[in-house]
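Listed after this line are the structures, all set down as structure tokens.
You will see chain A twice below: alongside chain B first, and alongside chain C after that.
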Partner chain A sequence: MKQSLIFRNAWLFVALIVLLAYPQFQKNQYYQHVMIMTMMAAVLSSSWNILGGYAGYTSLGHAAFFGLGGYLVALAHNRYGWHPFVSTWFLAIIVTGVALILGWISLRTQGSAFVVVTIAMVFIFRLLALNLSGITNGARGLTQPRPGWGDVPWSPEFIKVPFHYIMLVLLCLTVFVSWRIRQSKFGLGLIAIREDEGKAEAVGINTMLYKVLAFGFSAYFVGVAGGIYSYFFTYIDPQFIFDVFTGVTMVLIALLGGRGTLWGPVLGAFIMEPLGNWIIGEFGGTQIHLTVFGGILLGVMLFMPQGILPTITNVIQQRAKARAAQVQS
Partner chain B sequence: MLSVQNVSKAFGGIKAVDGGSLEVKKGTVTGLIGPNGSGKTTLFNIITGFYPPDSGEILFNNQPIQKLLPSQICHRGIGRTFQITRLFWKMTVLENMIVPVRHTGWRTLFSQGVKKIEEEHAMELLDMVGLTKFRDDEAQKMSFGQQKLLEFAAILMSDPELILLDEPAGGVNPVMIEKIMTLVDDLNRQGKTFLVVEHNMRLVMELCQHIVVLDHGQKIAEGEPAAIQNNPLVLEAYLGSEHHAGA
Partner chain C sequence: MTMPSTHLLIQTIILGLLVGGVYALMSSGLTLIFGVMRVINVAHGAFLVLAAYLTYWIFQFTELDPIVSIVFTAPVLFLIGWGVQRYILSRLENPERSSVLVTFAFAITMEGLMGTFWKTTFRSVKPEYVNEVIKFATYRIPVTRLIGFGAALVVLLILYIILQRTNLGRAIRATIQDRSAAQLVGVNVQAVSALTFGIGIATAAVGGSLLSMIYPFNASSQTDWITRVLSIIVLGGMGSLPGAFIAAIILGVSEQLTAVVFRLYWSPIVFYVALFLILIFRPQGLMGETVREKA
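Moving on, here comes the complex of A and B:
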């Protein structure tokens, strides 16, 4: 039993070792950059999955929390000198607080109405960032000092390495929390809400509380990622960071890998992000990567509507059942 | 145990329940009957918090519950089934059993989803309704009758004092109806209280000690099964005045 558990999770240890060693054997800055962005995409999509996958509430507004995290970290860094690698974990609690309030309001709606309300959140935050120029510097955006520790900036050769590791820590934490939620009564309740919200309420689940909590959890990690992202690029502006497409990407990645599963969003991110970067690298900064994504998603929706991971899992399980039946007969 | 007092509910200009009242005594099986559209299911939905009543009061164990959420009403000890069976279709049979476990507080919220003790209790109940071998199957893969039994067994997981059954025999074959009747009878003997909406008169007359009849959202009669069977108002509501006069 224990051996089987170790064997089943061996791939996870291998993947972790590869990710830990990655900056040591991959010195090319472009590939280091792609890996950081891939892990960030996995964080965003896994985080979104807590609400959108487990509870079945499709939010396209998580870019609001991403941007809010980015602005809070940039402001704290510029005004008070708080290092983003430390402050982002705490400032994301404010993001969670905002998300809990917004969730309490928006989660009274369902289906397409909820989607529209969440999109509106992004535009509201973008307008605020544009117009509260005394705080946010308006359309000119915020610039942060070159990443480093104390007054010493990191060298160009080293600069991506700390971001790699902090993003890896964030990814591990996000996946762990997502797994813990999935295993808990809270997670079971969220899935019950996705299946039949009225029935869930009838059997004693306080659906509003569960949904709002899920909204808060999913906003936290998105907020942390937003903070790291703003430091990584050292510049943010409202148009750039409060982008609806960021929210759409979280959803698409989850759909591709397997919405509502633990590893689906991670798998989706490790397919979509490198592919997108490769296409942009090959064909330039056109919109062709979006066309390819559209094609892939269309294919997935047609042939694997549950996403890649659940489809593969089902095939493996069916084959195992068939084999067991053959042995019995 | 349950006291519904002058409850009304209108949808636009239609009065679904119009001053409906009923009493359910502890340890009894009470039947709620009436022709289609008489407001039985609406009254169920009001009692369980799905619809707020426009007026009237609902007392459960002498406490008003008409302003509570369905989940809070469930925590007070009222469980229900639905007219059209509602399950968590893509969840397994065992998960369907575990979800309704009454849990409060933050620690239990983030505790293990399926605890050993809950699993054992769920298996006992599944054994009672004959569904143990389906424990790992998705609920949607079971037959209609089995789904009814699962819905019934699942509400027992939260150990409700009062169980509301909305047409438990609806669309179910005679063998399964017998099984459901036996289950209700056994549980009633163990102290559970039932309020049952049902069109199957054999089930109502054999199981219920007390019957309340609704028509056009109003209570038109109540009493013991034998009295209800011969009540002219009830016969008129079901058969119409001409048929009744002819009979």
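Moving on, here comes the complex of A and C:
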């Protein structure tokens, strides 16, 4: 099935041009900020989708890898002066290694129990970050110098632009890898696991290996994003970066756009993230934000479990069918 | 790491046992719900905190003792739980897969609403006896914990009697053993599910009322509590009541011991370490069957 029915290649091209030109015509810092966060949300959710969408294992704990990436990058920057824009790509490999081990343990469970274990992951990392204060500086968190290149910090007007482009690169890479996985034998195996794990195993798929690998892939891009994020905000602390809500947002975005589709998470991100920013701007405080996100998640689960993209695709296909039938008669 | 004296050790174990009793009550509803419906109610922690807030509220207005206010909180939460299962969860197409996200959505919605309504200040209910201590030999036992433990045992006993001696209990146990077989012999599985959910949430209400005078809480404490009770039921074996009881006592004691032997702030890690160890070595939990979906 061609699921890119709506997003044909021309759309993709236009979207890319718009995103490339965005900081040139949008000089407002706030809107630049929202766009960076939106692209990051798309990265996180697309990455989550490799495990949660293709293989059907719902992780609510990907905030653990986000935070780990953030801490590794911040530490490497402060201690060894590694520039986050470079180091995050490599340090996320460590995050992936950790994810492979955690995946090997947690993927022994299925369904609900798996969800529970992944939530616990976030709390373990938060606790470690809080208490290993010799390394992480505990609850006081880590502060990085103001973003710049070499010894020259970027000017306040320019500062968002590099982040915009690195996030765009990461987004393209994530979607590209997600697309390659979907096209591959590996991706087919993951979908087989989602549909019926027992049967997938029976036809000779090494389900454990596939699942653990999917876990690793889906942790990598989240880790990279965490690294960039920690530099973007220049300050991280355990409560803030190891937040279960970050993981919930990834899931919500993927569910809203269309879980298991290539573009669903991206679409979801471009709806939810601006909405979230608007709510916080309008009402302030995170409590209303929490309520609204919970409510939307509930609504999606109950009334549109497939998500927007598959629902629209279905409608278009049915119309096309009806039209074909009309022409025939 | 410091090795405490024998006296401190025994004192700590006593406190751990008392806390463990309350944990057992809090997790009993969760494991019961899982047993009957194969649904993990991630909103259990939020219901605990909701009950704690209701108790706090009642106490603010009427100075009613937290134990007495159970008479109000338990029925209210029973009705909410019953309604949630009857009108929302029962409509899900694939409850085993989607219920976690749905109940999670409940949890964060409730957290948001409670946070909006009661703000983020930590609250706790302080009845007159809050600082009183009973001396037993040379050991000191805080009255609130003793009351909490006693109340938890009473409710667990009631729960046990309901399960063993009543028709509803038999229907619940039959549904736990084999859902479709129970339906075949005439059990109204839908009604049993809704009632079980109600009972499960009502035990959370009691747990929440006890919590309100033992621990300070705010809306976001629900994530703390849900991880604790979930770790307990995974450790005990999901769906097993005796398992949850034993696991609660073990974790209650180990948590207190960790606080004394290491540091207070390491004590929550006991739950997570237990969770991961049990998954590596005995994924079905202490007393449960394998945590796998039945084909």
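In the analysis below, the second predicted complex is superposed on the first by the 311 of 329 C-alpha atoms of A that agree within 3 Å, B and C clash if a C-alpha of one lies under 4 Å from a C-alpha of the other, contacts with A are read in each partner's own complex, and residues count from 1 in each chain.
To be clear about the criterion, a contact is a pair of C-beta atoms (placed from the backbone, for glycine too) under 8 Å apart; a residue touches a chain by one contact, two chains touch by 3 or more.
All of these numbers come straight from a predicted model, not from anything done at the bench.
Chemist: Once chain A from each complex is brought into register, does chain C clash with chain B or fit beside it?
Modeler: Result for chain B and chain C: fit.
Chemist: Considering only the touch criterion stated at the top, classify A:K185 as touching first (chain B), second (chain C), both, or neither.
Modeler: A:K185 sits against chain B, while chain C stays out of touch.
Chemist: Just chain B (first), just chain C (second), both, or neither: which does A:G295 touch?
Modeler: second
Chemist: Is A:M35 touching the first partner chain B, the second partner chain C, both, or neither of them?
Modeler: neither
Chemist: Let me test your reading of the model: by the given contact rule, A:F123 touches which partner, first (chain B), second (chain C), both or neither?
Modeler: second
Chemist: By the touch definition at the top of the document, which applies to A:V95: first (chain B), second (chain C), both, or neither?
Modeler: In the superposed model, A:V95 contacts neither chain B nor chain C.
Chemist: What is the contact status of A:E195 with respect to chain B (first) and chain C (second): first, second, both, or neither?
Modeler: A:E195 sits against chain B, while chain C stays out of touch.
Chemist: Tell me which partner A:T207 touches in the superposition: chain B (first), chain C (second), both or neither.
Modeler: It touches chain B, and chain C stays clear.
Chemist: Would you check which partner chain A:L168 touches, where first means chain B only, second means chain C only, and both and neither mean what they say?
Modeler: In the superposition, A:L168 contacts neither chain B nor chain C.
Chemist: Spot which of chain B and chain C makes contact with more residues of chain A, would you?
Modeler: Residues of chain A touched, chain B against chain C: more for C.
Chemist: Quote the smallest CA-to-CA distance from chain B to chain C in the superposed model, rounded to whole Å.
Modeler: Between chain B and chain C, the shortest C-alpha distance works out to 10 Å.
Chemist: Following superposition on chain A, which residues of chain A contact chain B and also contact chain C?
Modeler: In chain A, positions 198 sit in both the chain B and chain C interfaces.
Chemist: Considering only the defined contacts, which chain C positions touch chain A in the complex?
Modeler: 34, 38-40, 42, 88, 91-93, 96-102, 104-113, 115-116, 120, 219, 223, 226-227, 230-231, 234, 238, 263, 265-266, 268-269, 271-272, 275-276, 279-280, 283, 291-293, 295
Chemist: Which residues of chain A touch chain C in their complex?
Modeler: Interface residues on the chain A side: 56, 58, 60, 105-106, 108-113, 115-117, 119-120, 123-124, 127, 130-131, 198, 244-245, 248, 251, 255, 285-295, 297-298, 301-302, 305.
Chemist: For chain B, which residues are in contact with chain A within the complex?
Modeler: Residues 48, 50, 69-72, 74-75, 79-80, 82, 86-91, 95, 98-103, 108-114, 154-155, 158.
Chemist: Over in the complex, which chain A residues touch chain B? Could you list them?
Modeler: So the residues of chain A in touch with chain B come to 180-189, 191-192, 195-196, 198-207.
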